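Shared chain: chain A. Partners: chain B in the first complex, chain C in the second.
Our next item is the complex of A and B:
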């Protein structure tokens, strides 16, 4: 691990933002309205805050060991075998997350655009793309994110801005929702917060940063960018459709793009353009998840090079992507896995942090 | 020596790899599964939905089901009439359009029967050589009796289908909907595009709110608002006229308004570009609204909502054939403004009463209650049915201010 540290703070921020924004954008407004009807934007905002707190802790932990990735310092803190269990859990989770993201992408494509193309082809194409791109080192990896982020953000902002023409402000009131219950809101916050888990990738980027102590700033900005976009999308969707209609749409963000047209009849529907760009968003997320998975595996088995693994992991991820039997089952699994993932991606760093605190106290007292 | 052989083998493998891999990579470029040439699609521009009697529909087509599995209850049968663009005959520019004399028709009108929309579509597909494509569907015309029976069938199909645009128009036709598909308008060669132009221009002229089908669906879903659709009637086989708004109680059409009431509705819902002219019999003159604005205030009084709607309409005098009626001073205009305002206020209250009677809160007063008085809403209302009950009990106060700004090019 003596590669030069080259990732700038800006690149790290772009990396976090690009990793977060992914497949989850499409069903997001539905999840938010199911939690608290017109209070959807507020729920999303709270979820963003929660995700930011979690990521802050994770990044803080990373800056305590600025030369190592989480898989390395966990061994120092927990010992080799305990750490191996944690790493293994992370590997399983992120491999599964990658497969679910690819599958969700495939489902949208098969339902909405390429209706005759076999699902397997779109999923495989996406995974292959991620696998090829994941062969690069961290530097190129962060360049890829830096390059694509504007292409993800700009159309999103454009669609939000143009859809305001059909927005009805009454649809957003009352701010806290009519039928929100504590249970549904917690449910919603957890589900939305789980969309931010890919930001965990920051833990393997910190050792490659020029100024690792600025990692906190980078991940905060990443969450602000991605979270801002998420809140704006939920706001726009509910303002245009109303919360009751949003519940009926399986991918409300896609419907928003369908309802939005460029002024002066240049493009009468933006959904095709939106989907084309959304592919990029999915790609960057998938790339991060994939990268994280193979990095964890190569560190677990102490491989010098992670490249060998990229194609080796592919069949397993593809197989897992094919497991859900229907869209509805897929979304149930996504929700469940997201919930479990929160325990892993948030719980594990907390354990590490606690161990670090205890050990430091032990050192200072002895 | 062995090493060199090995290197040679490696190079050979690499070339072989390239030879095999490159064509494999090129393969998907040419033949996507979803490749479908534009002339091999049956591009549907408009769809009309009518009800059909069992006799008309004939025997079941058994395209989507086997007859014996059908339930014993008599299901409502539908007839859909689709307007399909004929490739190469759609006029692309104004030069090609012309009067259309002697030119072949650019569209083909076909119909099919079924129990549901999709059932009928499949029967239709069975008759067509090309795959039905709904990506360019611009107008859905629903016959009044179908709309009165309930729109859930239609709403579900078009919502579920990913090709359908939410920006398409849905309109309700008095009498037969299919006649609109077969209309032969002089101004445009494609009837569906004529209907589309008619509605788009109505929006531009301030004669109808921009109510594309997506908005209809949103209002259908919302708890404190009922949807409405344009209500049209066929005229002499050539064109059709906008007869008012079809009012809906949830999924079912319950009533319709007069054309001028569209103007009142637009004024009350703060849709600003005005487009309706009013004839006043007493003074024998025409007044045309150009700008409207409205503000609705809500109070809860004695356990029911009380709405105060302040409307201001600006406009001009368009015509005054009666020479003996003087219109020279500002004071005379002000007196006229007052009389017009009083009449308009009556009109607004009448429209509210009509919607209260019909259980169709097209204004979205309920949404105002839900949004602004959530505690009251949660305690007393919560559902659309309860809101309809409460809507009947609600009280209204309308202040209609009419301003006359200009009188045209003629003085007096």
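Our next item is the complex of A and C:
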């Protein structure tokens, strides 16, 4: 690969954080409280740690092959055909993830603000936005994440800060939750950890980094930023609503935004404004997923230019986005796909790493 | 003029050798060098240029002995200079040289070195060069028997005075502006930049206009790769005419379809020099009062030279105000449409009631209402520029005040819409660069429409589209949103605020200056150390001794 290395460590960290923070924030406190009611923040924290571990592994693998993306070095490690199966699995998974993210946010928009707009329009608008942006090169891709990260973090932090007015610290106790079962906690950890899967995009960015060896630092920072925001949002939501109320809300974070208002009565309600700004967060996540899909396909078929593909893939992703029948079914699928995805995004790199270790041992012994 | 023109000879038979239907440019290609007798050359030039009535051929004898002829275009030359400084010394041998013996083969040197006191004199034997120099206002002297022509610079083109540039007014700072004459413009820059490092490369563009274009930069500061790229892009231009620097801009910019300008233009020589000091290249085009600044990033378009001339708090404050105006001029109307039509619950109840009351008699949805007022504002704005100055002021007051007030009372629009559009329009004037303000002015309309369709969600989608476009733009390889993205800590001191001058110790890194030091380290350190309170001592130093 003789492309210029342009992505700085800071941009890579922003890219990881921006990719992770997405539409998953909206139902997050519900998932966390369902797992271990007041232990939700703790569960989220553990999930962040687990996600960081997985990402650390993936990034480590990437730094072993600093010149290639995962789709390229998997061919070296596994051979062309086995690697093609792995890549194909990743393509299907991320394409599906993109469609689910677009659908999920489309549902939120149609339910919360644009009640008369057809769901198809809001989903298609998001997908088109991602498809147009996915035509850019990796450099612009990382610039986009870098540029929007402040606009993603600022409203999140603002909502958390403003909700402190209504927070009751007693709601957070006991910290480890009431009668949480091991099954529900594991379930919750896996579901929350699956929100971090888009960080997988770091594997295609590493070959474009100025200092690929700093990728570990970048992805760690990305997870710390995103994970910090996640834990804080779960904390704030439970502190305001209490765990019993939180588990009844579809999108507790949006409800949190509803309860807050700016001082001096500038805006009476914040939910619509928050949702509008949250378009940015969803866009960056969707862009990463979309970009990963396009990139994988173009490397699988050895295409020089990924631009044409972006529009070609769009109808398929749109079709998949319209598959779930309702919001409830959507969330069942999201959880299911998330957990299957963990096997792919976490299991596949582990296999690659093992093969690498075996091969290296083979080389050194012979 | 006609007294100079010897019209006696008439068309002779010599013209028969060339078909008269050919245009002069084609004719020129048929002959290369000066040859033959003076009479033949005269016939040739007559054929080439005589249809122009201001082309003059003056026959005379040098020192009464050598037959010669002077060719020039009377409208472009200084008549007095031709009479007194050219013809007179050539016809009358100077007193101190009376005894010199002059032969034909030594005549050229004699004229050049002893007779004519013009500084800009060239010689050539090529018809192409000779003809071109006549067209540029030189006087051409041909002597019978000599196969070289002498070209004397007698050019005199009327030009306007150096005035304050109308598009870039400043309260503090130099007030000079570029004019149409390139030599004046170069002089305006040169006297500010008295260093031999200041380089200008002049080349001609345009097959017919042959417009001189100067590439200016400071050697030792600029990245030479940038200069080479500018030269390469310029050399790709092959058109009949370049009439303004705007023509050049459109040929060398990176993204032709983008609404955003990627090359800044300026009428101010001090700005051009400041940009060259940062490591940029400036292009000056003959006949255009606008210099082009290459490369340009977005932040340049809301900065002015005044920011730097004033103290840093003042400069920073004004700059932040400008950025606010810039953002407002883009999103204010669409934000209004989105909130009024989709999320009125966002705004405080009292205000929402007032808005609803104002809109009570208006039959249109807010989208249509805003679009109508926006379009009429655009029409008004364009009309105000074209109006004669005497009536312009009066008419714009009538247009804005009277029509606006009448539109509200006629139930055509709500008062708040008028307020929103008026603020937006005024805001868009706060951007110093007209072409950048224009980009936002254009993008306002799609944003209003998408907000009318999808509310705040649509507005965000529109803004993200614009943001993505800005992030993918480049000007000569420099990302358009530098120094914000990619992040450049040094550049942040000059992005939204204008940091104290000694903070900005280095030239912008994204221009790869060969020498990056702007403020010497010692000087920057001295600025932060306390000054010497010379006058604090009560006893005056003169008496204290």
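The working rule: the second predicted complex is superposed on the first by the 366 of 366 C-alpha atoms of A that agree within 3 Å, B and C clash if a C-alpha of one lies under 4 Å from a C-alpha of the other, contacts with A are read in each partner's own complex, and residues count from 1 in each chain.
The rule is short, and it goes like this: a residue touches a chain if its C-beta (ideal position, glycine included) is under 8 Å from a C-beta of that chain, and two chains touch if they have at least 3 such contacts.
Quantities reported herein were computed from a predicted structural model and do not represent experimental measurements.
Q: For A:275, select first, second, both or neither according to whether it touches chain B, chain C, the two together, or no partner.
A: second
Q: Considering only the touch criterion stated at the top, classify A:129 as touching first (chain B), second (chain C), both, or neither.
A: second
Q: Touching A:184, do we find chain B (first), chain C (second), both, or neither?
A: Touch partners of A:184: none, neither chain B nor chain C.
Q: Answer with first, second, both or neither: which of chain B and chain C does A:220 touch in the superposed model?
A: It touches nothing on chain B or chain C.
Q: Classify the contacts of A:144 with the two partner chains as first (chain B alone), second (chain C alone), both, or neither.
A: Touch partner of A:144: chain C, not chain B.
Q: Between chain B (first) and chain C (second), which does A:63 come into contact with in this model arrangement: first, second, both, or neither?
A: A:63 sits against neither chain B nor chain C.
Q: Is A:72 touching anything from chain B or chain C once the two structures are fitted on A? First, second, both or neither.
A: Neither partner.
Q: Go through the superposed model and pick first if A:245 touches only chain B, second if only chain C, both, or neither.
A: It touches chain B, and chain C stays clear.
Q: Quick one: classify A:211 as touching chain B (first), chain C (second), both or neither.
A: In the superposed model, A:211 contacts neither chain B nor chain C.
Q: Taking the two structures together, which residues of chain A meet both chain B and chain C?
A: In chain A, positions 113-114, 117, 121, 268-269 sit in both the chain B and chain C interfaces.
Q: Chain A touches which residues of chain B in the complex?
A: Spelled out, the residues of chain B in touch with chain A are 28, 32-34, 159, 162, 165-167, 214-215, 217-223, 364, 367-368, 370-372, 374, 377-378, 382.
Q: In their shared complex, at which residues does chain A touch chain C?
A: Against chain C, the touching part of chain A is residues 8, 10-11, 109, 113-114, 117, 121-122, 125-126, 129, 132-133, 136, 140, 143-144, 146-148, 265-269, 272-273, 275-277, 279-280, 283.
Q: What part of chain C is in contact with chain A in the complex they form?
A: 342-343, 345-349, 454-461, 464-465, 467-468, 471-472, 479, 481, 484-487
Q: Report the residues of chain A in contact with chain B in the complex, numbered from low to high.
A: Answer in residue numbers: 38, 111-118, 121, 166, 170-174, 178-179, 240-242, 244-245, 247-248, 255, 258-259, 261, 268-269.
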